[in-house]
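If you scroll down you'll find the structure; I have some questions about it.
When the chains are written out, they are named A, B, C and D in that same order, and each has its own residue count from 1.
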Amino acid sequence: MPEYSLISRIGSLKLESPLILASGILDENGYTMKRILEEGAAAVVTKSIGSVERPGFTPPVVAEMDDDLLNAIGLSNPGIDHFGGEIFIARSIGKPVIGSIFGATAEEFSSLASKMQSYGADAVELNLSCPHVKGVGSEVGSDPALVEEIVGEVKSKVSIPVFAKLTPNVTDVVAIAKAASRADALVLINTVRAIHIDIYARKPTLSNAYGGLSGPAIKPIGVRAVYDVYKETGKEIIGCGGISGFEDVMEYMMAGARAVEIGTALKTSGRSIFDRIKKDIISFMKSERIESLEEIIGAGVSR
Amino acid sequence: MIHADIIRKEKISPTVFTLYFHWNATVLPGQFVMVWAPGTGEIPMSLSHLGKEKAFTIKNYGQTSDKLINLEPGERIFFRGPYGRPFSASKGKTLLIGGGSGMASLHPLIKIGSSGLIAARTKDELLFMDEFEAGKVIATTDDGSFGIKGNVLAGLKQLDLESFDMIYACGPEIMLYSVYNHLKDMKVDAELSLERMMKCGIGVCDSCSINGFQLCMDGPTFTMDQLRYMNEFGSEKLTFSGKRVKVP
Amino acid sequence: MPEYSLISRIGSLKLESPLILASGILDENGYTMKRILEEGAAAVVTKSIGSVERPGFTPPVVAEMDDDLLNAIGLSNPGIDHFGGEIFIARSIGKPVIGSIFGATAEEFSSLASKMQSYGADAVELNLSCPHVKGVGSEVGSDPALVEEIVGEVKSKVSIPVFAKLTPNVTDVVAIAKAASRADALVLINTVRAIHIDIYARKPTLSNAYGGLSGPAIKPIGVRAVYDVYKETGKEIIGCGGISGFEDVMEYMMAGARAVEIGTALKTSGRSIFDRIKKDIISFMKSERIESLEEIIGAGVSR
Amino acid sequence: MIHADIIRKEKISPTVFTLYFHWNATVLPGQFVMVWAPGTGEIPMSLSHLGKEKAFTIKNYGQTSDKLINLEPGERIFFRGPYGRPFSASKGKTLLIGGGSGMASLHPLIKIGSSGLIAARTKDELLFMDEFEAGKVIATTDDGSFGIKGNVLAGLKQLDLESFDMIYACGPEIMLYSVYNHLKDMKVDAELSLERMMKCGIGVCDSCSINGFQLCMDGPTFTMDQLRYMNEFGSEKLTFSGKRVKVP
């Protein structure tokens, strides 16, 4: 009987499984990240950190819609200079911690990336895709020239792997992916721009009105983005969006992802989701006679 | 969001109001909801009354609480929940230790026979004292305007704490930390309901976390045994922006 | 007690309620459209018709995902010259029939629109937004200059109201809406580009791989598009996407829609959905003291 | 999609095969599924066997059916469903009238005592004849290679139709229309299972509709009373592209 190994590789990063905690969910406090790593995640991505402290938006910052979630946290963060301690706590267990950063210019991104590297982050993820904050996030991430400049600048400044997280809120995600091609891997997708109105209050539920939709609703959109970019660029991809079970992980991998990030499902399934999915993937590999996950990466893409 | 109309409003101290409404749901003592004041904000709030008629007891603290206590009967309130782990039910002799608006969350636990220790800065801020049986409740005030002058410790020292089957406490972290330290080597069962910044209430934003536990899901109530392993308790917490600061 | 009237108006079209059957769902056969009108829809939009007969894609053309649906019918249609009979049958009950058309050029659209008018269609809806067919649909609808040309050309050729149906699969829906501003109303949104892979077949479920996502999953995306376009242009809007109950209709109207189209929900709720929602809207109007639906159009938009 | 492995395959005529598989679901006679041959197509298919072991009986008609009947035991089939309104259950004397592969959908209704009338172009295409009791089944073939020479009408004329409590029929529309016309003024209860183009199977695409009814939801079985109001029945239908054409 073969050994079923879940070991995954993204750029030069080696992971014990393809399952990573997504940015922005339970990853502001170092102790929380540490606990999630202890309880089964192969790596965590920190929440997105900027150059200066930002309070983010006033609550309501989330609206639950069954298992889906609309959020406009507003990139609340303590500023990069106050985040080293959290990375230090999170890394104490010895698994990879990926530092997510956001900014408006190539210089800002590269300075943030250098600081993340100096804190010991094992990779850096460029958030080019937050859908609800003006001037950063998806406004940056829908401009191919700027994306190219940011990725190039960061790559020239740090030695740790660089992941570029892209937004689905564009006409042509492949064009943006090509612009980001110097990244070691692409992360697809961030949330989808959306609104919920409370009809009894006659007001948008989120204080910011606009938010980002996550959860099962966006899975087919994420799978499409991964499929598209894998087919057209062949780049290494981390899939993200609406994953809550092993089927979703397998689907993303067959669309071309080498690993995945899981966020919103933590809300419904709790931290045990990582261990549950790992077990289920192994059962699937057994019954489908898959010896290595490498076999299925992109296996569902018709060329 | 759930919505309900305010049916009654009571001023129970110069800065604290109780808003009553109908909500057909089972909520257990210690659980909370996120209350929304459209256009202003959304804040965590315990339910102080849990019968068919439910209520919030709200202290005027800032923007959103102010907006809420200025609502009038007939106006609408919005909220979502209930969230969080309730206090565990317990038989026998119980002591309730409340600081400031923390008494709101303990109010549903006041029963015939319960004892109380209420701590506040000043007399006006002592909530729900008269709901205890005569002789069953003591108070401390920082300014000595009522009861024992001093903080919660002064009150704790007057009580035979090991004679209680269960102690429930709710209030500012600094007070709870004193309670915890005072009790930690005693033979007593206690549950403390903590407060942290809460943005989501549903275990995703991490703003309410303490040593990897989310107050909104794993808490806000914790047992003495859980608190023993929390080095952030009474020591550090994250601000609204996520900056690590000392607990005041 | 006030009379609760659901009468709605879009351009010069008067509807007995704001509830319209969306294009592509149960509207290929004239008898089906007639029956849906009899059973409660205020109007129907025909499936999108092109200049020549098109078989569309080979099945599987749909994939069910709970209440959501992924489809790539592929604009199958008999060609405009064979569609007059269906419109004739559908119109026999006396309610408005809106002819949906698709094409690649302004000339093609305007010739189709003229034929729809000659068949007696009460309005024409320009499908600028089909997400899964190359050369027509959303490829056309994401080019502002072409959108402007098509809408202008059609407006100059027909006298019936012209609705432009836009795609959410663009970076900036407001820019497209502005390009379409000569239309009498905008229809927002068509389906969202998506993929589903069957992990046991290791193939996309749809024969075309890419499909359009509809149903509850896309409602917050549709509401966002309506909100955005209403806020920025003030145009008359027909909301569409994921509507299955009166709450959804009210939400779209508070975001700025004057009427709505319902598609995928027919699958789960059947044709009775129109009558059920009408009843529920009236109850809502009573309990929320809304005398006319005009009061709530755009009421949830913060300016 | 549901998937299952083929456990057995039987050739039951030169162009018709039965594929057996396990599927733990309740399917009623007359219901159908959409069967997917990845890379080729997806087509509507009745289940000819409804026990714990289920089966399709598939006629080699074109691309997708050809792909399916060339699958071997151990290979995987994919399908979704069950869909559609089943034949209504009925006690008493039943007659099954099947044309061509229409017998597949009637097969689960063959019971001790059921009578059959099977119509086909030629002897080889007469399906499931030997599953009826001796003397209970008659056949017609267009070419006279077996049974009565002629079409279904020739067979109908030989039967005392009003003696049956229920008649179930399935086959090409032209045949069903003859059956309908022959029965429509008689005192008989009958249900006919129609065939139309089916793209979605779930009531959205309209390709299977007949006078506002969707075969995939409201059918494929219809009662005589329903058919009475369908002027498209036996007369017009839409092609794969949606073009209205005469029923051949």
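Note that a residue touches a chain if its C-beta (ideal position, glycine included) is under 8 Å from a C-beta of that chain, and two chains touch if they have at least 3 such contacts.
As the structure is a computational prediction, the values presented were derived from the model and not from experiment.
Enquirer: Touching both chain A and chain B: give me those chains, sorted by label.
Expert: none
Enquirer: Measuring between Cα centroids, what's the chain most distant from chain A?
Expert: Result for the farthest chain: D.
Enquirer: Calculate how many whole Å lie between the centre of chain B and the centre of chain D, each centre taken as the average of the chain's C-alpha atoms.
Expert: One centre to the other, that is 68 Å.
Enquirer: What is the distance, in whole Å, between the centres of chain A and chain D, each centre taken as the mean of its C-alpha atoms?
Expert: Distance between chain centres, rounded to whole Å: 51 Å.
Enquirer: What whole-number Å value describes the gap between the mean CA coordinates of chain A and chain C?
Expert: The separation of the two C-alpha centroids amounts to 33 Å.
Enquirer: Let me have the rounded angstrom distance from the C-alpha centre of chain C over to the C-alpha centre of chain D, please.
Expert: Chain centroid spacing, chain C to chain D, equals 36 Å.
Enquirer: Chain A: which residues touch two or more other chains?
Expert: 198, 200, 203
Enquirer: Touch graph across the chains, line, ring, star, complete or other?
Expert: Shape = line; chains linked end to end, path left open.
Enquirer: Would you please name all pairs of chains that touch?
Expert: Every touching chain pair, ordered by label, is A-B, A-C, C-D.
Enquirer: Could you please specify the touching residues of chain D with respect to chain C in the complex?
Expert: So the residues of chain D in touch with chain C come to 1, 3, 34, 36, 38-43, 76, 78, 80, 199-207, 209-214, 217, 232, 238-244.
Enquirer: For the complex, which residues does chain A have touching chain C?
Expert: It is residues 65, 68, 70, 142, 169-171, 192-200, 202-204, 209-210, 213, 216-218, 220-221, 223-224, 227, 247, 250-251, 254-255, 284, 288, 296, 299-300, 302 of chain A that touch chain C.
Enquirer: Would you pull the chain A residues touching chain B in the complex into a rising list?
Expert: 24-29, 31-32, 34-36, 47, 53-56, 58-62, 64, 69, 71, 73, 76-79, 82, 85-86, 198, 200-201, 203, 205, 207, 263-264, 266-267, 270
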